[in-house]
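Okay, here's the structure, questions in a sec.
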Amino acid sequence: MNKYILKIQTKDEKGLMHQITKILYESNVNIEENNEYVDNDNKLFFMRTVFSSDKDDNIKNKIINALSSDSVITLNEVKKKNIIIMVTKESHCMGDLLLRHFSDELNINILSIISNYNNLSELASKFNIPYKYIAVDSLNREEHEILVTNELNKFNNIDFIVLAKYMRVLTPNFVSNFEGKLINIHHSFLPAFIGANPYKRAHDRGVKIIGATSHYVTSDLDEGPIITQEILHVNHTYSATDLKVAGRNVEKIALSKALDLAIEEKIFIFNNKTIIL
Amino acid sequence: MNKYILKIQTKDEKGLMHQITKILYESNVNIEENNEYVDNDNKLFFMRTVFSSDKDDNIKNKIINALSSDSVITLNEVKKKNIIIMVTKESHCMGDLLLRHFSDELNINILSIISNYNNLSELASKFNIPYKYIAVDSLNREEHEILVTNELNKFNNIDFIVLAKYMRVLTPNFVSNFEGKLINIHHSFLPAFIGANPYKRAHDRGVKIIGATSHYVTSDLDEGPIITQEILHVNHTYSATDLKVAGRNVEKIALSKALDLAIEEKIFIFNNKTIIL
Amino acid sequence: MNKYILKIQTKDEKGLMHQITKILYESNVNIEENNEYVDNDNKLFFMRTVFSSDKDDNIKNKIINALSSDSVITLNEVKKKNIIIMVTKESHCMGDLLLRHFSDELNINILSIISNYNNLSELASKFNIPYKYIAVDSLNREEHEILVTNELNKFNNIDFIVLAKYMRVLTPNFVSNFEGKLINIHHSFLPAFIGANPYKRAHDRGVKIIGATSHYVTSDLDEGPIITQEILHVNHTYSATDLKVAGRNVEKIALSKALDLAIEEKIFIFNNKTIIL
Amino acid sequence: MNKYILKIQTKDEKGLMHQITKILYESNVNIEENNEYVDNDNKLFFMRTVFSSDKDDNIKNKIINALSSDSVITLNEVKKKNIIIMVTKESHCMGDLLLRHFSDELNINILSIISNYNNLSELASKFNIPYKYIAVDSLNREEHEILVTNELNKFNNIDFIVLAKYMRVLTPNFVSNFEGKLINIHHSFLPAFIGANPYKRAHDRGVKIIGATSHYVTSDLDEGPIITQEILHVNHTYSATDLKVAGRNVEKIALSKALDLAIEEKIFIFNNKTIIL
């Protein structure tokens, strides 16, 4: 028996559950997990079902035929997702992902690490993960991204690109090429401190809480759909550097939780927001 | 159109969702919220559905007929729940419930307050809630509970009895008379500090976190199904009294959240644990 | 023996502690609590000492004479602080303060409640607190504030004015008249969602955390020194209204904690930030 | 200029601060951080001072001479602490410490890793840390501990032994040999779930919060002074295994925070509790 994840986003109407569960029942699958959400404001229905079955049985097509044509339906067999990690200089998020990968905690293959600095190549090599250093040097943003894109295009099976403290802003063009695959960690509880130097600005503002936000990347900087947010309490004794150090704990946890939700196919995106089932 | 809440607990088997949603579809109801949980270890299926409809349409009986005879099925129209509050001397939980009731935040009628002390009668009278003082004096536990039971029996429509810091241990006999209706707040994160004086013992143990637990009451003291738990971080500067004062914030919030879940009929109980949908 | 709180803010230099503790020692006081903070960036020293003594012994003047002339020094006997509560329509923060006052949890007298609506007069009267309704009607902001100021000026001993969900923006002129006394609760984790309708905007942004911030009011809206921040985790099932309801719990707790810190004289303000000792 | 940490625990009496700060002032040091705590119940005074100075100036002896003979006084130059990590099979805590060490986040040397299993030797070797596998085989507890002790005794400068998920109970004899140096992570919010299998028991109890506790080890299992506690909210969908996996995040953070406090010499122990300054 194989395990599958079915995801449906469609407009809400009476009898929907009845129709869908009929197809699943007639295909004789074992439903292991089933969650729905009805967005009553937008008349939308979201459903995620995990089932096991000894054959695919053409379920996806049957559901496509049963539902309205503007529905979004995916049905994937559960297997390891292929990810690329992009980093700049800080090791904590990348290191955390490497450790979780090493201990088989995340259901992923790490195809490669790409960085605009060479700092973290030693850490990558400890875990035998290819590390591609693509220097910025005198390249402008577009020129650099062409090199990055060339590197990414060597892989034809990328599920997610994890920006694990990749500190260069991406162009809308780059983002649109990898839409829905780019997961970022931002070092503030968004929408507070959009942009650069959030810890410095948090210190200047005298906040009593700092946070981290993992989100899908869209062409609007730091405005993509939020997946996870984590916070910690701080006080006046924290310097801007102390905030940055303390923040690493929430950054790496927010990011790995978000990645885990993504690889488990638990996330729907609608109206620039996430529905997590 | 009226609003209804349907709750089903039954043994898990293929086609279950299909059967149930068929009945709902054929009765032409509007499903507003639907949640299920499959307990794969115990092969049990839990479902809570909120729907609106202009008639009841005998849905409950149709579902009873469709499912196995050991299923537990309830279908109630949504309306205010009737609650009794029992207290001893401390005002914060009772006061919080009175305020939420005053501002229509909880969908309840407060039928009466019963106490083994007279301390809080003034506060009750501010909100025009009957307050019945039943002194313990020289009565033993059973004798006192007979008086409390007599008072409770004056009401024939009690949905929940909220022990909002009622500090007397109840006998198994009393508990069994009101099984599933008794919601308690315990001033520790259970199972830590079962029994008396949890803040004193938390102080002696030097914990860095204190908490509160709201749970259904069973005949085993502090061992009933947990509904909500809330915590807060503390440090060495807190005296036992400071812990007690700080703990009030989490006690009142844990209790009102638990009550809200109960009145929304979101809680299933199985194996001395709660499933909250 | 009376209890006193000494607060010192002065420029940091060697021997400071030695000088100050010499004065306290020679006055033969019992130090019960002592906390300092050195801001090494700004070369500033903050100290808060709680001591008991049978006489004041002119300690404040001795310390003033010992320290540089730009120091800020207060020495107050511990007693109930006098507060005014200002509200608009929502009852939860005001109700929580009334309950805490009723149970003697906060060391305060509530002199009066002032509101631009009459909604909450009934609740105030339950607790026998004067409620002054000052309608806005066709008054402009300045005209309305004159009436509020006249009301405030009837009291010559206001320690703090608590804006417990007072939803009118105050003019810089009004703020400057009561500088350092105005404590507000803002319904977001500032600096996120400065301004109006934070819950609506939090919902639109799809945040996974909402919060509340209590802060001193300055002439810049929502930009004053932050005292406390509290958060709670939310998800896609929360409507904007659900966020607002859930947020009440953190609003009232953030506000009462902040007020407690203020009345205990634990807060220093420097560079638009709070140091809490 | 070197940096020093002075720690004093002594019986509280008038003039104490004056005496101590006099010595520091006359030695012309720069005080960078100063914190005290007075335990009024036990009439004890705790103080931690960080200062920089170009010479030690015999300060420790001057303070010893000034204070009562039962005082506990330490004065150490700030430098890297030497630690041993002990583990069994789980990698997350050890891996997290290795990463933090690799990125210079913790001010430590890792002298060696000791384990009763060989599972984690590969991970240790990635970071070039000696890994000593001491099999239990048919050895009894005392025999095995002799081998561990022999290994520990090869180092004459161990500051802390970090039990990073070391799953064997230590004998009182072993513990007494390394008293005050053994820091453990227990996978529950103590005192809940003392002993074995806390996640299984948390699952059986149906808790809504799980936690982790880092504490000094004493001869009473899981009863030593608590340093840090971290929690996370869970629900009915978590299996015992899910709890265990989710718990890793709080385990590794509770442990690394506790170790950080220990190496910064911020922890005092009194009455089986920690005072953290």
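In order of appearance the chains are A, B, C and D, and numbering begins at 1 in each one.
Here is the rule we use: a contact is a pair of C-beta atoms (placed from the backbone, for glycine too) under 8 Å apart; a residue touches a chain by one contact, two chains touch by 3 or more.
Since we're looking at a predicted model, the values are computed, not measured.
Comparing mean CA positions across the assembly, the chain most remote from chain D is B. Contact count check for B-C and B-D (C-beta pairs in contact): higher for B-D. Centroids of chain B and chain C (each the mean of its C-alpha atoms) stand 35 Å apart. Measuring from the averaged C-alpha position of chain B to that of chain D gives a distance of 41 Å. Within chain D, the positions touching two or more other chains are listed as 233. Those residues of chain C lying in contact with chain D across their complex are 14-15, 17-18, 21-22, 24-25, 28, 30-36, 38, 40, 233. Taken in their complex, chain C has these residues touching chain B: 91-92, 95-96, 99, 102-103, 105, 123, 126-127, 245, 248-249, 253.
Contact residues on chain A toward chain C in their complex (touch as defined above): 37, 41, 189-193, 205-209, 211, 225-229, 231, 233, 235-237, 239, 271-276.
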